[in-house]
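Look at the two complexes coming up: subunit A is in both, with subunit B in one and subunit C in the other.
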Partner chain A sequence: MKDHYQLVIIGAGPAGLAAATVAADHGVEVALLDEQPAPGGQIFRAIEAAPVERAEKLGPEYRRGEKLVSAFRNSSVGYFPDTRVWSLSARREIGVINQQQARMITADQVLIANGAFERPVPFPGWTLPGVMNAGAGQILFKGSGIVPSDGIVLAGSGPLLLLLAWQYLRAGVKVKAVLDTISRVNYIKALPKLPSALLVHHHITQGLRYQQTLKLAGVELHNGIRDLQAHGNESLESISYRHKGSKQTLKTDSLMIHFGVIPNIHLSQAAGCDHFWHKRQQCWRPELDKWGGSSIDGILIAGDGGGIGGARTAEHAGRIAAFRILHNLGILNQRESKIEAAQDRKWMKADLRIRPFLEKLFRIPDSMLRVPHDNAIVCRCEEVTAGKIRSAIAAGHSDSNQVKFFTRCGMGPCQGQQCSQAVAHIVADKTNTPLQQSAQFRIRPPLKPLTLGELASIYPEERE
Partner chain B sequence: MFKRLDESPRQTVTVIINGRSVAVPQGESVAAAVLAENIGYSRTTPVKQLPRAPFCMMGVCFDCLMVIDGVPNQQACMVQVRDGMHIERQHGSGV
Partner chain C sequence: MKSDVIIIGGGLMGFSTALQLAMRGLRCTVLEKESPGRHASGINAGGLRQLNRNPAEIPLTVEAAKMWRSIEALVDSDCDVRFPGQLRVAESADDLDLLEQRAAMVRSLGYEHEEMIGREELYQLAPALAPHCLGALICREDGYARPFHALTAFRHKACSLGVEYRVNTVVDAVERERGMWRITTRKGEFQAPVLVNCAGAWAGHIAASLGEPVPLKPGAPMIMVTERLPHFVDPVIGAAGRKLSFKQMQNGTLLIGGAHMASLDFHKEQSEIKWPKLAVSARSVMALFPQLKDVRIVRTWAGIEAFTPDNLPVICKSSTAEDAYHAFGFSAHGFQLSPLIGRIVAELIVDGISSFPIEPFDITRFKSS
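Moving on, here comes the complex of A and B:
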């Protein structure tokens, strides 16, 4: 790894791969840093290593990644897998660590393409072994060919629940139930957005096909569920929920949950980029111009990390950002970058047509986000419950950072990534203020835990 | 509980999970190997000593912390298995 690059890209998912390939093809010296051992991001995880039989079970959208990764492999991009970024400043200084060796590098242009993660929604029992994110289940499937035993339940909201249930079915796993929080109100609110969504009908027909297949296989499909809880001593034994006013219980040792995905804004927050609360996507997003440029010169963001659009949109956004970067580096003039980006803009616009529909349909009920059960652990690291956060607020600690100082909520190894949004929701609810005005946790490096030895390795010449 | 799909055999390495030798596919994450062994929980928490298992599998939640080759607080989902690797449950803070 060099000390300086023209372009450093963080994240090797669809956005990062597409951007890196375009930039390198135009002669830019690119470093692509990624936490994972192989390219593809979470969506195309293990795309090069997965045996054909597994890839086929995962379906055609997964296999789209093959083309993207092979184009990247044929490019001159400097690729650094197993490399974590623990710091990013507005001056484009990047703290990285690889094999216990930490270093600081700089770049003329930085593209953040580190994607999204599953929205943490605290409920009683969600910390029990046996409860896992649905995306995590998919990673196990893609990366290792590991699937749950029969009788698994999937719960939450979003297209991933149906997709994963369908994939498990293809792998011969008996899925007991798919429980979604979407209610009749969601359908009514989503309806006006349907015509535009139908223009990209492949998403809708896919969803309907999944549903049909699951029904035929005898999977229980219930919508409008509320008050989800997981029960067990050492691990999950059963779940309960409310459906049509009555309490239901299901015995299961495996629950996979999913409440949509939210942008991973840790790096853009650390750099000091401006963010705003996006009401429709129920998450914070960085302020971006139409090229993916953030509020800080030379820092661009593409893919789900800039707002949720999915894998295809991420790929287009990555290329669009790359054309802007080529202009910023003086390789293309403004007109040329505009022309180069035109095709991707067109495709991206078409792909995004389904989003307003999905956002309305799979909107997470405010009650679930704002008022988690008193017993629900909100901060999984420091084991702080919603009840404890509420009493801190009642005692006068009326913003997220005060709650953090008072309760240690957000001070564990995940650095508040899993609880920051939930805390902001609880604060907004308890203090009766709009979430937009809610303060977020202040983010400071190191963003990933570093040992003192790793930190000292930045300056090897000063060692004895 | 988890199981492995019946796929064409791959190259394996031998790791020791809580003292038991297990053959696992090369390139797999420690968290995946541990889940496939169905050991129940992979750590206990530092505050209330409650059991936890891998939750996000992508490096953001830090619930999969384990002791790997004697070093505590390793994210099992971010470390690949190596031949002869010792993987153990972490109790509390691990130190």
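Moving on, here comes the complex of A and C:
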């Protein structure tokens, strides 16, 4: 790895791969940094290694990634797998750990393409062993073919929920039930958005196909569930929920939860980019221009990290950002980059047509995001409950950072990624402040684990 | 709204002053531009250190240490204090000389709280320390607390005695009219006959508007915290030849400070970690505790503190304005002094004189320079 590159891209999912390939094809010296051992990101994880049979089980969208990866493999991109980025500054200094060696590199242009992560929605018992993020389960499946043996219950909301159920089913796992928080209200609100969504019918037909298959297989599908709770002493034994007004209980030792995905904004926050609360997607997003440019010169963001759009949109956004970067580097003039990006822009626009529909349909009930149960753990790292957060607010700690100071909520190794959303919702609710105005946790690097020894090894020349 | 005293700055100094004034029967209002303890008071390393202070501060630090010993009686909370002692280790014969001179100087002033210990006792107190150290200067009564908890305790206690505070209240103008201070803020106007400036890194603006500018410089010392470790060290560790303050907190995390500065955009109130300097801190830790090589750093931060040219605070009555007082510029070592500072300012306001020697902290000392 060199100390400086024209372009550093963080994340080798669809956005990063597409951008890296375009930039390298135009002669840019590109470094693509990624945490995974192989390219593909979460969506196309282990795509080069997955046997054909498993890839088929995962469906046609997964195959789409193969094309992307092979184009990337044929490019001159400097690719650094197993590489963690632990800091990013506005001056485009990037703290990196690669092959056990910590270092600081710089870049003329930085593209953040580190995607999304599953929205953490705390509820009582969600930290019990046996309760797992459905996406994490899917990662195990994609990477190693590991599947739960004694059947599972899936709960939550979002397009991935059905996809996962469908994938598990195809892999021979018993799916005991799919419990969806979607209510009739969601359907009614989503309906006006359906016509434009139908223009990208492949998404809808896919979803309907999943549902159909699940029903045919006799999987219980319940909509409008509320008050989800996980129970057990040492580990998960059962779950309970309300459905059509009555309380239901279900025995299971495996609960997969999924409440959609939200942008991973840790890096853009660390760099100091501006962010805003996106009401429809119920998450914070970086402020971006139509090229993916952030509020900081030379830092661009593409893919789900810039707002949830899915894999295809990410791929287009990656290329669009690359054309802008080529312009910023003086390789293309403004007109050329505009022309080059036109096709991707068109496809992206079409692909995004389904989003308003999905956002309305899979909207998580606000009541759930506010974590109504005082006994629900919000901060896994420091084991801080919703009740403790509410009493800190009542004692005058009226924003997220004061709550953090006082309760240690968000001070653990995950850097508050798991709890910042829930804390913001609780604070907004208790102080009657709109989420848009509520402060987010201040970022305290390193963003990824960095040891004292690793830090000490950087800058050996530096003296007191 | 009217009160007897308006205090600008809702940090520890402000609330400590408000508390002491309230105990003496005065009605105070604390105006805070953001949230309580947002800067120096909330983000400091929590050291309760008498060790190695400027001689001018010794009478104050010794009294403050007594107050921390019974802090619960003052603020109804123990602020999570611990008193395992603080050490300043010698790694060379030169270090040893330096520390011995220091111990002799403190003794000559008539104080006993700092003393030298030899190698043997050092390794009894801190067996995990690398074997090359030769001895240490120690203050056995020193320790640490949790700053934001202390701040919260002072605030609660002050409020229970009738102190009012306003958050997000940026002071735009300070004027004196017919024996009253009129404070214009973005949240309205406040009036009181007496004004106290505890505005930390922003205190320079207030002092300047009283006609007594101070060459106050904001700075952001960097601190890092590691993952939790099994208990392995009691005393707070510093070193004669290194910028380092190292302690294992109540919860097992290591708190590492070293007075290395982050880069700071004071206007935006944004600091950015200077990794090369933090790497020096990491190397210092490893020189003294090589076994910590693989310990993970979980967080780093750098909060805004106010530094004076001589690194001594300003604690005095205004030299230019009637009924105005200052307590600021603690130069990143004010936390330990905070309970006493409130008392001193209250003495100045109510008795007209402090029972402590505060002449070295007068604001007029910057006039000649």
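General observations
Operating definition for what follows: the second predicted complex is superposed on the first by the 456 of 464 C-alpha atoms of A that agree within 3 Å, B and C clash if a C-alpha of one lies under 4 Å from a C-alpha of the other, contacts with A are read in each partner's own complex, and residues count from 1 in each chain.
Throughout what follows, a residue touches a chain if its C-beta (ideal position, glycine included) is under 8 Å from a C-beta of that chain, and two chains touch if they have at least 3 such contacts.
Bear in mind the structure is a predicted one, so any value in this text is a computation, not a measurement.
Residue contacts after overlaying the shared chain place A:Ser235 against subunit B, while subunit C stays out of touching range. Look at A:Gln6: by the touch rule set out above, it reaches neither subunit B nor subunit C. By the touch criterion defined above, A:Met411 reaches subunit C but does not reach subunit B. Contacts of A:Leu452 after superposition on the shared chain: subunit C is touched, whereas subunit B is not.
Residue contacts after overlaying the shared chain place A:Asn223 against neither subunit B nor subunit C. Once the two complexes are laid over each other on the shared chain, residue contacts for A:Ser254 go to subunit B alone; subunit C is not touched. Contacts of A:Ser295 after superposition: neither subunit B nor subunit C is touched.
Across the two superposed structures, the residue set of subunit A contacted by subunit B and also by subunit C is 412-413, 449. By the touch criterion given at the top, residues 35, 37, 42, 49, 51, 53-54, 117-118, 120, 127-133, 135-136, 139-140, 143-149, 171, 234-235, 253-254, 264, 380-383, 412-414, 417-418, 449 of subunit A touch subunit B in their complex. Subunit C meets subunit A in the complex at residues 35-37, 42, 148-149, 152, 155-156, 167, 225-227, 242-243, 251, 260, 270, 272-273, 275-280, 282-286, 292-301. Those residues of subunit A that touch subunit C in the complex are listed here as 87, 89-90, 93, 95, 104, 272, 395-399, 401-402, 405-406, 408, 411-413, 415, 442, 444-446, 449-453, 455-459, 462-464. Per the touch definition, subunit B reaches subunit A in the complex via residues 1-5, 7-8, 10, 25, 27-29, 32, 35-36, 40-42, 45, 47-48, 50-63, 65, 73, 78, 80.
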